[in-house]
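Note that chain A is present in both complexes that follow, paired respectively with chain B and with chain C.
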Partner chain A sequence: MTNDATHPSGSPAAPAGLFSYAPAPESRAVVDIAPSYGLFVDGEFREAADGGVMTTLSPATEEKLSEVAHAGEADVDAAVRAARTAFTGWSALPGAERAKYLFRIARIIQERSRELAVLETLDNGKPIKESRDADLPLVAAHFFYYAGWADKLEHAGFGPAPRPVGVAAQVIPWNFPLLMLAWKVAPALACGNTVVLKPAETTPLSALFFADICRQAGLPRGVVNILTGDGATGAALVGHGGVDKVAFTGSTAVGKEIARTVAGTGKRLTLELGGKGANIVFDDAPLDQAVEGIVNGVFFNQGQVCCAGSRLLVQESVHDELLTALQRRLRTLRVGDPLDKNTDVGAINSAEQLARITELADSGEAEGAQRWTAPCDLPSQGYWFAPTLFLGVSQAHRVAREEIFGPVLSVLTFRTPEEAVAKANNTPYGLSAGVWTEKGSRILAVSQRLRAGVVWANTFNKFDPTSPFGGYRESGFGREGGRHGLEAYLEH
Partner chain B sequence: MSTDRLNVLKTYKLYVGGKFPRSESGRVYEVTDSKGNWLANAPRSSRKDARDAVVAARKAFGGWSGATAYNRGQVLYRVAEMLEGRRDQFTAEVAAAEGLSRAKAAAQVDAAVDRWVWYAGWSDKVAQVVGGANPVAGPYFNLSTPEPTGVVAVIAPAGSSLLGLVSVVAPVIVTGNTAVVVADESAPLPALSLAEVLATSDVPGGVVNVLSGSAAELGAPLAAHQDVNAVDLAGTAGDTGLATELEVAAADNLKRVLRPAPTADWSAAPGTGRMLAFLETKTVWHPTGGLGAAGSSY
Partner chain C sequence: MTVGYARRYAPLVTMPPSAAPALADVTASDAALRRFLHGLPGVDAVGLDARAAALGTRSIKTTAKAYAIDLAISMIDLTTLEGADTAGKVRSLCAKGRNPDPSDRTAPSPAAVCVYPDMVPVAREALAGSGVLVASVATAFPAGRAPLEVKLADVRAAVAAGADEIDMVIDRGAFLSGRYLKVFEEIAAVRENCARVSGGAARLKVIFENGELATYDNVRRASWLAMLAGADFIKTSTGKVAVNATPSNTLVMLEAVRDFRDATGHQVGVKPAGGIRTTKDAVKYLVMVNETLGDDWLSPHWFRFGASGLLNDLLMQRQKLSSGRYSGPDYVTVD
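Let's look at the complex of A and B:
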């Protein structure tokens, strides 16, 4: 891999040996980022009580995008109180009225989706192709879906008169900032709860823009409160005595800490945590489609996806053929400017995450796996990691056991379906898995035995608001999406 | 009277992996009726017994969760049949354990039999009630199915030695989970006798394992055990310190935790909550593809 300093950092690198692409940048002019933002509490933006601020960067360029307030305990308390006050009126509203607010939000998101997509790409580093074609459509769809539930809850299978839980504390990650907000906020509001949401430290902006959407929708004050901050802010929020329900998406280590904090308090808890998904390719699989699925499975969003297919389990007899095709495909990936519409792989979200990926990848080499990196030029500014494979990985290697949360795929082999299932399940996680084969009965047999909350057969990384998502074992508990997603926000 | 026959007392033992061992610790404790009269010596199970029970439950999980729902339903119904046949024995044991009149104890046994029947019928219905097809916005077949979460440690409720026990065990196993049950410490005999019913009801060994002893002593290693997937803390109602301690321990491998209800009326209609607490939802996607030429009017 070369790091060509003369290559303009603004355009995607030309894949080796192929024709190059002219830059096709999406315009930044569509989004107007203010120099600073406050906390959104009780329907108004306000500074942190102690005046704390933090900076948010563009990970692709390391330029400062804005300054946001850093919420402390006093702010958490004020937000929880505002949500509690708002709960009385919001929960008493007829479901049909709550539904209309959520439909309004869904529509405004659709109207502002280009602006929000560019914002998300700037703050997160993900390719505009993904924020525009995956994140934002799913965000709007999620609100539209749960809007429709708000006046139908008595038909949802949680008793004849299900009631909301109360004030929900919601802490979300940086990998899909606005989508994770939608997964948390939409079902909570539909069920009549009010929320205090803390976006991730490195990606606070789209949540703050969402606060503005709540304003445009005329949402009553205090129903949605947004606190920007760091891990300490999140800990104060989930530990606050005025909270009835905690929902967290993030790392398994933090999830366990939250479960300990919540123990004995009676607060309801759902956790959507890490994963080490196995993508199983049988010898009769359509290999070209499988290659696309593998690439989508682990390089979508730079692999910063909890349900990434980060372990490739390939049947021995097609290993060489599949790897040749996979490497050929990876050579064509365009890594670079996330705002460029041709970019396939954008920036890693933060220096900290880049360091984690780098450390784990180095351990793969040190432990004896064979490293292969897609040939590509990386921009000189920002946080970048080229798409990487590890071949000859054993189950004992750290790259086979630990969640890397980056564009790194570990390749293992198997001979029999039994061995594939045993290896796939040989992890404390249980979030996702993939199965590639043309044999229908094998898909069903293998899917049934995989201990994972979502199984993609002959596809990967598909999401839909109607489809429940969540893990087995140490990938957490509870489901988000679909009728199942209502359960976390209803007393029953 | 001198012509009275001296009756044969039962040695109460644990039920682990389909066998009836004594506690490996060799310990027993005195179980009395509500008036303080000696009833039996029950095994005081140890941490090692708890771990052995988890091993047995894990071993049984594959077969039991892989059995057809119809089969599991028939096995639970068979438990009801066997329990009905031992109605007199359990009436006497429940009366002694809970200090109830014979009539009231019999009503508890009847309700326990009926509860097995009720849950038996759920085995092949719960998937239709809580699973189903999801209408995703794309050309995909998408199906959600409930699956058992795995090995469940159950701290049985105090004060309802048979009906309460059945009310927490049946919903765990009907969906395919396997259980390690800690019987009510002060009234363990109906639970240990229920093991004899399970052993003669086609319930595979290891699906239900019954331990007697201290909830605090056994709860801690079970809540912390890395191969236990969930805990039902019903028996910690009234001891918030223990409930919290076990919930904290359970966080270490993110067990599903069913917290104790402050008050529980085990004679009330149970609802589906206890089954759903120990189910995972698996969602499988597959492309639906097309039938050749675009716009086919097939």
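Let's look at the complex of A and C:
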């Protein structure tokens, strides 16, 4: 009854024990990645006008997955023109007809969800458990949800006859490639707009598979156009004169640049930017669930989540208990092969991001915070960062102020609800926050004073298409999701 | 959280090696006990269910599955608790306990056979020399609605007949009406009556009937109450009501024994019972034990399954792993 004690390479590292889990890899064979992909413009795949290409890697192994076209200004122009042309017909369709396409897309996503989950995990590095159980179900749910709005827009509260805005330029990040696409594309199409979307440089593949889904669903040509490329491509797209609406999710620095580009042009703009979410644990919290919420808050998707609960604010009277429990829990996290179904923490998306996380974590140590890392073996290939805590962090430390966008949690303490609110709000960001207490009145009192677009009570990182999401101040403006998410795509 | 418990309560908790934990201050009065139990951190039901469900998605394959199946078999309390039980039926179950898979002698034996008190002598004789323990329910199982003297006599009879373990039920009525001290004293009294004339004592499993306690907060309170009163094992259910063991209510109990050991140094076992019928279910429970408690509880001495049908499913899965084929229910014995 003894178990094989050797730890097979490639399976997620976890503390060795009597009951060690054998590798349980999801099959790669369910997805067929072509050696190269073109741009999806006007319903067809084509090479970039200047023939530019770039490669996309698997961050877990650094192996090359595919080559994709690198769109330049000519391609941006062609895509915007295609979208403009398609707009006339698409916006004139009755809402119920547009809904049929969206429902069809949602169903195809569900049918192909295993393939898409594996693809997303390969290109992004996130655990298959998350792409399978979080990303893909939410992607389909977003399309189903906004399909339902398409024929009810006059009842959405934006006037008796709201009209689409026109051509939407959408630039999305690499942390949830397909989900961010869904957040942007679904409401845009439901409202009658056409779209030119640029996926992130390091994660272009799922958007290209989505282009195939659009064809499979018979979506009229030009309604959705996908341009792969880098920052220059994105800048050309948001700066294009034929664009009516710009939607961006990504870093605050790029968001500010886009705001400057768009200023004075009359283009509508929504920005969903960075965050430094405070997860506040009061001493009467349900502690075992708070520990789970903290873990989910900052280690979900390797912490590469704009609304991550990357600052833990814990009441001093419960600090030691909570931290002991949290460290015990972090020792059980399984870090490694993202395709293994038992992996909890996968790879960092890129060498660049890993360098940024490493630099900020080093600054934490240099500034005097106490570093603690969960014991785990990291693979030798690929981009990895072990789950890390910083204890004894003060508001002045960079790890408490700057968005790390990685599996790093800064732990701060407070003594009174007053102090908790003051510290939570003491950030230029304002995207998310969490409140943990068994006292309902405290949840209400504290949430009302937190300057954050989303406040979770006794949970964290919960998403639903019916719920609006967005930030304050340097976390951006505009809301995605829910009825509110329609507003950005309607003239009223 | 355990550091905090230890800090707050360690001075109060002294654990004489051979007696029920004396927590004089906490258990001095109904009011004190109530304050202690209601001072335990709350359980957020949504978060608890999400954690239990997440652990249920672990994918246990090949060598890990083989290990889990054998471990699960060795943790079973093979149970028959029917009004229609006969000596023949109990003997047949004991024969199965001695030799669970006649086609494969390498299959481990279950931990115990669990019967009503009047069947203990039959089981004792049938299991002699096998290493399989005899467990007996007692204390007017399953309702527990009898005078204390009757319950204690029930326990004494089972112990005298040779039961190695006693599965008692708590007085849910007293618990739900807030008379915690009554429940505490009853468990302590049962524990005293587990002592054998020849020395030593039967191990005591305390059944809460989680389905009747209704909230996870109550399950956590009952866990601490029973452990304070000297339980060797805490057990989810009788198997006789609509809601028995669930991953969630078992997880609360796993957290409780973990915290109790951290606070007092005293380790207590956990036994989910009722409704666990498949290998898949059993493996999910073992994953919870593994990731909540670790190696120290991964043995039949500290974790049990109260089940009857589960054994055959585990044996069928075991045969499939070794032969590569699924043979079907006619290739394991009915009992």
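The rule we apply is simple: the second predicted complex is superposed on the first by the 479 of 492 C-alpha atoms of A that agree within 3 Å, B and C clash if a C-alpha of one lies under 4 Å from a C-alpha of the other, contacts with A are read in each partner's own complex, and residues count from 1 in each chain.
Here is the rule we go by: contacts are C-beta pairs under 8 Å (C-beta built on N, C-alpha and C of every residue); 3 or more make two chains touch, one makes a residue touch a chain.
All figures in this text were calculated on a predicted structure; none of them were measured in a lab.
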| item | value |
| --- | --- |
| Which of chain B and chain C A:Glu111 touches, first, second, both or neither | neither |
| Chain B versus chain C as contact partner of A:Gly470, first or second or both or neither | first |
| Which of chain B and chain C A:Glu365 touches, first, second, both or neither | neither |
| First (chain B), second (chain C), both or neither touched by A:Glu44 | neither |
| Partner chain in contact with A:Val455 - chain B first, chain C second, else both or neither | first |
| Partner chain(s) touched by A:Asp288 [first = chain B, second = chain C, both, neither] | second |
| Touched partner set for A:Glu154, first chain B, second chain C, both or neither | neither |
| Contacts of A:Glu418 with chain B and chain C, given as first, second, both or neither | neither |
| First, second, both or neither for A:Lys129, with chain B first and chain C second | second |
| Residues of chain A at both interfaces, chain B in one complex, chain C in the other | 458-459 |
| For the chain A and chain C complex, residues of the former touching the latter | 1-4, 17-24, 129, 133, 284-289, 292-293, 318, 320-322, 324-325, 332, 341-342, 438, 458-459 |
| Contact footprint of chain A on chain C as seen in their complex | 1-5, 7, 41-44, 46-48, 50-51, 57-65, 67-68, 70-71, 74, 108, 255, 286-287, 290-291, 294-295, 298 |
| Residue numbers on chain A that touch chain B, as the complex places them | 141, 157, 252, 255-256, 259-260, 263-264, 266, 271, 273, 428, 443, 447, 450, 452-459, 462, 464, 466-470, 472-474, 476-477, 479, 482, 484, 492 |
| Chain B to chain A touching residues, read off their complex | 129-130, 134-138, 140, 142, 144, 149, 229, 240, 243-244, 247-248, 250-254, 256-257, 259, 273, 280-287 |
